[in-house]
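Two complexes come next, and they have one chain in common, chain A, joined by chain B in the first and chain C in the second.
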Partner chain A sequence: MDEARRKIEETVLASTFPGAFRLTQDAKGAARLEVEVTVPGGGSYGLLITAEPDYPSSMPEVYLVRPLVLRDARGRELLSISPSHEMHLLKPRNRFLRLCHYKPEAWHPSVTFYKVVLKSLLWLTAYENHLQSGRPITDYLGT
Partner chain B sequence: MRAPFHYAILASQLERLRSEARRRRLRLVEGVAFVADGESFHLFHEKPSFPCAGLPLPCFFVIAEASDLSGSLMEKLEAMGARPESPVLVLSPAGTAEPFAFPAGSPQERFPVSVLSPEKDLASRGGAILEGGLLREKKVLIVGLGSFGSVAAVELAKSGVGHFVLADNDRLEPGNLCRHACSVADVGRRKTLAVRDLVLARNPDAQVETFEGDVNVEGTWLRQAARECDLILCMTGTARSRFNVNAACVGAGRSAIYARAVTRAEGGDVFRYRPGGPCLACLFSGGGVPGAPEVSSARDAAEAAADYAPPGYAESLVQPGLANDIAPLVGMAVKLSLLELAPKDQPLWRKLGEDLEAPFYVWANRREGLYEEYPPLGYNFNKSAILRWYGVRVARDSSCLACGLG
Partner chain C sequence: MDSARQLPSAAIGGELLLRRQGVPAKNRLEFDPASGELRLRPPGIPAPAEGNVTVIDQIASDGFA
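The block that comes next holds the complex of A and B.
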């Protein structure tokens, strides 16, 4: 991610998640976005979004880092059932849940971290609905 | 009566040999000939820059007038290990007589020698469309040397492009052979080096650089290479590498051509980027492009399949189309490339420039998947059908973050 792109990402995030995010880059240019989000009328969650140095040509990954343990409507740890098509969960990494957000073929460089956060928020909203209804997340987000 | 032998040498080698002989006062120079089918000999006094057909055999160059050939020369050749079939090429020191050749065992015979100037021949043949030699100084970067890039490289070499940068980090696998320009003899080789040899076999005077890294990781190299080239051809199969090439070309202000096939090569598309026009990201952000990219390798399949796909699903995605289905897509990519490389006053531009005005072209090979609703080709010419090109208008996306940031 170059300087111009980073500025845009920060501007958009600052106006939508003021004071709730931290965007950093390592020496090679790989990016980490830590962001706190709240589901309207629901809980608060911590997301970690990581991106390779060639972001936005490559798609970032989204991890749920807080709370550490998330359970499904039947009380099972989501980590134990990942990856899961029904729950839109990819293979976990470092014991963190990895959310499925954009399909690879839908990704393009004009998608920003902000949109990835919005997609993650949709997953969290669907998750909270799943807890109440017991229906899989695919019922809310599609396949 | 013995069938005539055919002897050939590159003009560039002949010239260098003549000047070296003059400088060092040489009368006899050793070399190597490649003999194919027992009758066709290609002679080299320097290591050839491309693989040659046939088996190697010692050959000799005599720098003398025909009248000066003596029996002692024949004895000398024999002492140097000449076999009866070893070709001997006689070269007039001043260039006043045509070179001729004979088998060392039959010095009384005389065969003419074809002096090959591939670059000159390439330039002269298409002269009515594109003036000879105009592309000699052009430099193209080809990213991805699979079934698209390997064929495109050879086509551009045949069209007279003189400078190439070939980038790919893969080796040729047996599974590639059904569509690749290289052959079974190249399996296991770096695609860059195998395709370089194909380019040099068409135009031995071409300048070819190779890069065996991953353009998704080597961004600095990619941006620099884009700046140094006149045109970039992105012939890769993944969206990520295509977007990385797009970023480099937009940044460098260089035109680029992107070609791909969609699932099982039921069709495909070709996109042209010109600085100031819509970029590849505009094409996708402006509503997306239908069709999942064709998956032709196990590695691409693993990337395309979601983590939660059932066992065996990724393998099932590897369904490359036929070489015949790829050919029109590569052909269009090459045509658009030549248009970008040729000066606008060339005959090539006269009509084709108007015809190929659109930045995006779609092609259907079969009435499957995306093109299932097409009516049969039959005798219609005014309905969407397979095996026709469709130019698509693409507007620049004013909110595109790939080309709108500059």
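The block that comes next holds the complex of A and C.
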């Protein structure tokens, strides 16, 4: 991510998640965004969004880093059933749940980390509804 | 589900379910930076002029992968 894009990302995040994010980059330009989000009346979650140096041309990845263990409505650890289409989970990495967000064909360099966080917040809201209803996350978010 | 035990997010979940079943959206789905949370806003009620509220109906409907 170049410097101009980083400034855009930081400006947007500072106005939408003030005090709740940390955006860093390594020497090669790969980026890490850590952000705290809350589901209405529900839990707080820590997300880690990683992006390769060629972001925003390439799509970032989203990991759930807090809490470490999430279970489905039947009590199974979500890590143990990943990847899962009906729960919109990709193959995990480093023991972290990896959330689905944008479809590759829908990804565009104009999409910012902010919108990826909003997608993730929708996933988490659907997850908390799943815990109450037992319905798969695809029922809430589509296939 | 017992409505007395519904989570606040259940209203959002109910709205998302209906949309997936082809029922036209009843409310706008928004993200409010002031609270840091998603919320529903009934039609006809404008978003506050201040506060950077983001309507995310499109983000919710364009699919996940």
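Just so we're on the same page, the second predicted complex is superposed on the first by the 143 of 143 C-alpha atoms of A that agree within 3 Å, B and C clash if a C-alpha of one lies under 4 Å from a C-alpha of the other, contacts with A are read in each partner's own complex, and residues count from 1 in each chain.
Following the convention adopted for this analysis, a residue touches a chain if its C-beta (ideal position, glycine included) is under 8 Å from a C-beta of that chain, and two chains touch if they have at least 3 such contacts.
Keep in mind that this is a model prediction, so the values were computed, not measured.
Novice: Per the contact definition in the header, classify A:L89: touching chain B only (first), chain C only (second), both, or neither.
Specialist: A:L89 sits against chain B, while chain C stays out of touch.
Novice: Please indicate which partner A:R5 is in contact with in the superposed arrangement: first for chain B, second for chain C, both, or neither.
Specialist: Once the two structures are laid over each other on A, A:R5 reaches chain B alone.
Novice: Which partner chains sit in contact with A:V37 here, chain B, chain C, both or neither? Use first/second/both/neither.
Specialist: second
Novice: Would you sort A:P104 into first (chain B), second (chain C), both or neither based on which partner it touches?
Specialist: both
Novice: Please work out whether A:Q132 is in contact with chain B alone, chain C alone, both, or neither, and reply first, second, both or neither.
Specialist: Only chain C; A:Q132 stays clear of chain B.
Novice: If you stack the two complexes on chain A, which partner ends up touching A:S58: first (chain B), second (chain C), both, or neither?
Specialist: Only chain B; A:S58 stays clear of chain C.
Novice: Tell me which touches more residues of chain A here: chain C or chain B.
Specialist: Chain A has more residues touched by C than by the other partner.
Novice: Both chain B and chain C contact which residues of chain A?
Specialist: Comparing the two interfaces on chain A, one with chain B and one with chain C, the shared residues are 100, 104, 106.
Novice: Mind listing the chain A positions that touch chain C in their complex?
Specialist: Listed in rising order, the residues are 15-18, 20, 37-42, 88, 100-104, 106, 115, 118-119, 121-123, 125-126, 128-129, 132-133, 135, 139-143.
Novice: Enumerate the contact residues on chain C facing chain A in the complex.
Specialist: 1, 6-10, 12-13, 16-17, 20, 31, 33, 36-39, 52, 54, 56, 59-65
Novice: In their complex, what parts of chain B are in touch with chain A?
Specialist: That would be residues 216-217, 219, 239-241, 243-244, 246-247, 281, 284-285, 288, 292-293, 303-304, 306-309, 397, 399-402, 405 of chain B.
Novice: Which bits of chain A are touching chain B when the two form their complex?
Specialist: 4-5, 8, 52-54, 56-59, 83-85, 89-91, 98, 100, 104-112
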